[in-house]
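Here's a structure for you.
Chains here go by letter, A, B, C, D, E and F, matching the order in which they are written, and residues are numbered from 1 within each.
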Amino acid sequence: MKRGVVVTNIPRANAHDIAVLQQAGTATVHEAQSRLGLLASYMRPIYPGAAIAGSAVTVLVPPSDNWMLHVAVEQCREGDVLVVAPTSPCEDGYFGELLATSLAARGVRGLIIDAGCRDVRALKEMNFPVWSKAVSAQGTVKETLGSVNIPLVCAQQIVHPGDVIVADDDGVVVVPLASVPRMAEASQARLVKEEKTRAVLAGGTLGLDYYAMRERLAEKGLRYVESASDA
Amino acid sequence: MKRGVVVTNIPRANAHDIAVLQQAGTATVHEAQSRLGLLASYMRPIYPGAAIAGSAVTVLVPPSDNWMLHVAVEQCREGDVLVVAPTSPCEDGYFGELLATSLAARGVRGLIIDAGCRDVRALKEMNFPVWSKAVSAQGTVKETLGSVNIPLVCAQQIVHPGDVIVADDDGVVVVPLASVPRMAEASQARLVKEEKTRAVLAGGTLGLDYYAMRERLAEKGLRYVESASDA
Amino acid sequence: MKRGVVVTNIPRANAHDIAVLQQAGTATVHEAQSRLGLLASYMRPIYPGAAIAGSAVTVLVPPSDNWMLHVAVEQCREGDVLVVAPTSPCEDGYFGELLATSLAARGVRGLIIDAGCRDVRALKEMNFPVWSKAVSAQGTVKETLGSVNIPLVCAQQIVHPGDVIVADDDGVVVVPLASVPRMAEASQARLVKEEKTRAVLAGGTLGLDYYAMRERLAEKGLRYVESASDA
Amino acid sequence: MKRGVVVTNIPRANAHDIAVLQQAGTATVHEAQSRLGLLASYMRPIYPGAAIAGSAVTVLVPPSDNWMLHVAVEQCREGDVLVVAPTSPCEDGYFGELLATSLAARGVRGLIIDAGCRDVRALKEMNFPVWSKAVSAQGTVKETLGSVNIPLVCAQQIVHPGDVIVADDDGVVVVPLASVPRMAEASQARLVKEEKTRAVLAGGTLGLDYYAMRERLAEKGLRYVESASDA
Amino acid sequence: MKRGVVVTNIPRANAHDIAVLQQAGTATVHEAQSRLGLLASYMRPIYPGAAIAGSAVTVLVPPSDNWMLHVAVEQCREGDVLVVAPTSPCEDGYFGELLATSLAARGVRGLIIDAGCRDVRALKEMNFPVWSKAVSAQGTVKETLGSVNIPLVCAQQIVHPGDVIVADDDGVVVVPLASVPRMAEASQARLVKEEKTRAVLAGGTLGLDYYAMRERLAEKGLRYVESASDA
Amino acid sequence: MKRGVVVTNIPRANAHDIAVLQQAGTATVHEAQSRLGLLASYMRPIYPGAAIAGSAVTVLVPPSDNWMLHVAVEQCREGDVLVVAPTSPCEDGYFGELLATSLAARGVRGLIIDAGCRDVRALKEMNFPVWSKAVSAQGTVKETLGSVNIPLVCAQQIVHPGDVIVADDDGVVVVPLASVPRMAEASQARLVKEEKTRAVLAGGTLGLDYYAMRERLAEKGLRYVESASDA
C-alpha cells in the first residue's frame, strides 16, 4: 500500500455478470465462493432493503481525514461502488449528503466504508445505500494524503480495484475480478438449486432426509433417547 | 451438557399460559419474574415489530457448524421456538431461508440464536422472526455433533427444553417450565395494574406522588435547591 | 458532581434558536461548533426518523437504579429533553412506557440516556423518541440517590442543565447554553451554503474543482498514474 | 434462580480429585471434558502465574451491589472457590482487600467474578488470586438481596454449588460435581499422554506423522504445489 | 471546549495533600469521594505496580494528531500529570519514548491518555508510567490544533486543569481541585479505619457481624435453608 | 484465497535485514514504512518483553479448526514466524504447548494468530512468544481444510508468505518482502536519529524548539492566554 497515488485506469467486470451477482445476493455469492471474501459482520446497511453490486473503486484514507474521497469521486464511473478503508481504525463520519450527491451524479451505486457515515436520513431519501461500521456525525479534516485504486484491506478482506462488491441486508462480499465470470455462473446455479430445495422443504420433507444426513449422523455417534434421564 | 444426544420427548407448557405471556411481552414478564431470566441485550430482532412466545427446543452447536439444526427441525412441533447456543462464541450465519422454510412448515414461531443469522430480507418476507447476536452471511460446515433438547446457556441464561421463551422488540426472556402458570398469572396482573397507572400518569399525576416516594427520598437526604450555587 | 441534590431553577435557551438548531440537525450543528460536542456514536435512536432539539434537564443516576428519573420528571417543562447518565457504566432498562407517559404529559420532547431503554414498541407508537446505549428489558431498583440538574458527562460529553440537545438519525450533539444564539446563526448559514453546494455538485461539478483542492493536493505530492504498475 | 436464599449445606468433591484437576490445569481438564465447561475468555487473572482448583460456593448478586458477598463468606470452607455472577452485566469493583482478608482467613483459594475487582496490588501481595471480567475501583452499595449457593450462569457457563472450579493463566473451567472423579482420571491420563507426545515432538517428529494425518488430508483434497503460481 | 487555546497559568493543589492522596490510592480516594470521579475501567497501566498522584495539565487533541502534546510539554511543571483526550475516539499511539523523555526532564509523574501509547518497554525502563486505552505503535500526524489546559472529558470524567489525578493498578480517579484538602483528609481517615478493619477480619470475625448486617438482611427477607430442595 | 493448497517454496528475506528490523522494533519500523502495515492493536503478546522478527509462513484456518497448523509446521524453517488467520472471526485456542514444541524444534521464532492461544504458562517457560487476539483454553477440531503459504488478511493487514513480521510489546507490523532492504536501512537511520533526539530532549530542550514548531502553530492560530477567563 502506497500513499499519495491515484491509479486512473482500472479493469472492470462484465456488466451482465455483475447483474447476476447482484440478483444472487451476498449469502449465495459467498457460498459459491467457498465461503471466502465476506467483510466483517460489523459492516451494516444504514437502512434496510438495499441490494447492489458493482466494480470497486478503492480509497485508502488517513484516520479522521476524508480528503481522498473528493479525489476518488473523479475516478468513478456509472456502476461503480466506492470502497473506503482507513489506515488506522476510525468511526468518524467521513461521508454524507454532499459527497453522495457527487457520486449519484456519476452513477455510483453505493458506498462501503470501514468507518462512519452521516446524513443517514438524507441518504435514505436519495436512495443512496451505504454499508458502514458506524453512523457518526463527527466530521473530518482535509490535511493528509491517502491513495485511490490501490489494493487495500476493508473490514478484514482484501479488495483490489475492479473487484466486484455485492452488498445487501446480509452484509458485503468481495469477488476477485478474475473469478467474476465463474462466480456468476456458480451463483446462478445455486439459485436454481435453492429454489428447488425450498419447494421440497416447504412441502414438509425434512432436510435430514432430503440431504441424506441420517446415516452419517449415526456413524458419528448421534443417539436418540426419549428423555433426559436416558441421556 | 453432553454431546451427541437428541432427547425426543420434552414437556411443554399450557398453550393458554403461553398466549398470556406473549401478550404481556418481554419487559412485563421479566418484571413478574423478579427481574431474572433476561437474555443478554446483544440479542436483537433482525426486523422490528415481531412478538412471540413458545416452548423451547434447545440446540447445542459446535462453532461454525450448523449440522445439528437439521437434526433439531424434526424435534419441533407447532408453537415451538428454536433456541440455539454454540459451545464457544461464534457470529457465523448458521441459519437462513431454507431452514426457516422447514421450521415454518412445522409451525415453529421463531428462532433465538446466540450466533449469526442470514437471508434477513427473505426471513422478513416470510414473517419468520429471529433474535440473534449478529447478522452474517458466513456459512457453516456439517462435521461435528452437538445435542438437541439438553439444558444449555444461551446469551447468559440457562434454558431447559420446554421452558417458555418470550421475545419482542425489548429482547428475550426465558420462563422456567415449572413457573409458567404462576408467571402467566403475575404478568396478567401487572398488565392490568400498568394500564391503570398509565392512565393516572397521562393525566399529569406525578410518579413521585402516585408511588408516594417523597418521604423516603427526604429520609435518604435528597435536597432541593434553587440554583447550582446553592448546592 | 454531587449526590442527593435537585436544582429546581435552570436557565433555558431561546425557543426560536432551539427550533433553528433542530432544523439544522446534528451533523450541521456539530460542524458549526468546530466539530465538538458530539455524544459517542453508540448513542442510537430506538426507531428511525425522529429529530428533536430542546433544553437539557440532567439526571445523574446510580447503576441499575432509576429512582431519580421519577424525581426528574417534576423538573421538566414543555420543550425539555431529559439527559441521563449513570455513575458507572450500565445497560439496564431504566426507562419505559410509564415514565414516557409522564414526560409526554409535560411536553418533554425526548430522552437521551447513556444506558438502556425498554418498551420500544410502545414508545414508537407514542412517538416519544429515545437515543440510548442499549435496548434492554432489565428493570432497575429504587434505593440510592443521584442528582438532578447538575453538570454531568453523558456518552463522553459534558452536559450542563439548560444546554441545548440536538438529536436525529445521525446521533446527538450538545450546544452549551451560552453559545446557542451564535450556533443557531452559524448553523442556518451552513444550511444555506450546503443547499447551494448540493445544487452545484448535483450538476456534475466535482468537489475537487468547486473547493479548489487540486493545487494543494499536488503540493502535498499526489501523483496520478495510469496503472498500478506505474505506482 | 431465586432471590433471597442462602443454602447452607452443599456437597463437595473429594480433595484428591480436586488436587489432580488443579495439577492438570484448565486446558487439559477442558479437553478431558469434551471441550465443554469453559468460562468466557474475558475472564482473566488479575496477576499471572496463579493456578487453583476448589469447590464452588456460588453467589448471585444484583448489579453494583456486593452485600451478598458478605453473606457468602460465612458459607465458605477451607478449599472453596467463590464464584460470583451479577443478575445483569456489571463491571464495578465488588471485591477488594477486605473481603479477601476474610476469605483468606477461612482458607478460600480464590475468586471467580463475572464483574470487576479492585485492590489488585494488595491481592497480589496477599497471594489471593482472582479471575474477573474487569479491574475497577468503582465501589458498590449494600441494598438489595441476591442468593448464595444456588445454580447460576457465570461467564456463559452453568455453575452449581459444589462443582469444581479449575483456574489458571489459560482461564477458568467448571467441572460438574458428579463427573469430578471421572474427569480427574481422564485428566491424569491426558497428562501422561501429553508428556509422551511432547518428548516425541521435541525430537523433531512431525505431528503430521505422529498423528498419522497425511492420508486423511489427502482424501479431503489437500494439494502441495511448489509456488503460488501453481495454485 | 475551545480549539487553539493554551492556558498558561493554572492553579495547583497543595503538595502535601497530593502526597496523601497518592498514598491512599485510587480505590480509597474514590470511596472517599462518594464513588464519583473514576475514569472508565478500560484505562489500564501499561505495566503493573506504578502509583502516582499529581496536578492535571489537560490536552485536547484531534484524532490521530499529537501536535498538541508538544505544545503541552512546555506547560508542565515538576509534579504534574499529563491528561490527554481526543475530540473523537482514537486508539492510535500518540505518545512514546521521546515525549516521555521531555516530560521526565520536567519532572512530570505520568500520563493519562484516552487513546493509545507506544514504546512500552522503553517507558517501563524509564519508569515513566502511563494509563491508556490501548497500546498501539500507530503513529500520528501534526496538522491540526487542539487546546491545552481547558476542561475536557477523559474516559467519561470531567477533568479541569489543576485537578488532582490519582492512578495505580486499580485505575484512575480525578479529584476536583476545590475538594482536594477535604478528600485528602477523608482518604487518610479511611486508611486508618481500613487498617483496623483488616486486622479484625484477618482474625476471623465475619463482616456480617463486624458491620452488623444480620438484622437488616433478615428484614429484607433473607432466608437460610439447609439444602436446595428447601428453597 | 484458495482452500486446500500448501505452497512449499516461498521466498525469504535476507537474515541481516531481518535482524536490523528486529532491533528497530515495531514502532520504528512502522514509522519507516510511512505508518502502514500495523496489525490491529488487539494483537497482544501473551507475556511481556519478547521481541522478534522473521519470515512469515502463513496459515489460513477454518473457525475452530486447527488441522492446518499441523500441516504448516512442516513448511517452517529456522527463523520463520507463523502467521495464522481464521476465515471467520474466532477466539478459540488453536495453539498450545505441543505445537510450540514442534515449532521450537524447527527454530521458529514465534506465532502471530488472529484468534486464541492456550498453555500460556508453558509457552512462557519455553520462551516461545505469541501475539494473539485472545487467551482461551477452548480446543479445536481437525475436520476442514485451509491453506498454507497463501496471501491472507491477519488482524486487518495483508500478509504474503515471506513478508517480514516484526513483533514486540508495541504490537506487530508486517514489512512486504520487496521493501525489506529499504525498510531495514530506513529503520536503522531512524534509530540513529531518535538516539540523538533523545539526548537533546533529555537535556531539557523542548520539542517545540527542536522541531521548530512554533511558527507553524502560530500560523494555524494557536493563542496563549494566561487564564481560562481570557480564552
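By our rule, a contact is a pair of C-beta atoms (placed from the backbone, for glycine too) under 8 Å apart; a residue touches a chain by one contact, two chains touch by 3 or more.
Keep in mind it's a predicted model, so treat the numbers as computed, not measured.
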Each chain counted as touching chain A and chain F at once: B, E
If more than half of the interface residue numbers appear on both sides, call it same; otherwise different. Which is it for chain C and chain E? same
So how far apart, in whole Å, are chain D and chain F when each is placed at the average of its C-alpha atoms? 30
Distance from chain F to chain C - Cα centre to Cα centre, in angstrom: 39
What residues in chain A touch two or more of the other chains? 35, 38, 41, 88-89, 91, 136, 138, 144, 151
Hey, which chains are touching each other here? A-B, A-C, A-E, A-F, B-C, B-D, B-F, C-D, C-E, D-E, D-F, E-F
Residue numbers of chain C touching chain E in their complex, please. 1, 3, 34-38, 40-41, 87-89, 151, 153, 156-158
Give every residue of chain E touching chain F within the complex, in rising order. 2, 4-9, 47, 67, 70-71, 73-74, 91, 93, 96-99, 101-102, 104-106, 116, 118-121, 134-139, 142, 144-145, 149-151, 161
Within the complex, chain D is touched by chain E residues 26-27, 30-31, 35, 38, 41, 44, 48-49, 51, 168-171, 173, 194, 197-198, 201-204, 206-208, 211, 213, 217, 220-228, 230-231
Chain A partner, complex, touching residues on chain E are 62-65, 88-92, 136, 138, 141, 143-144
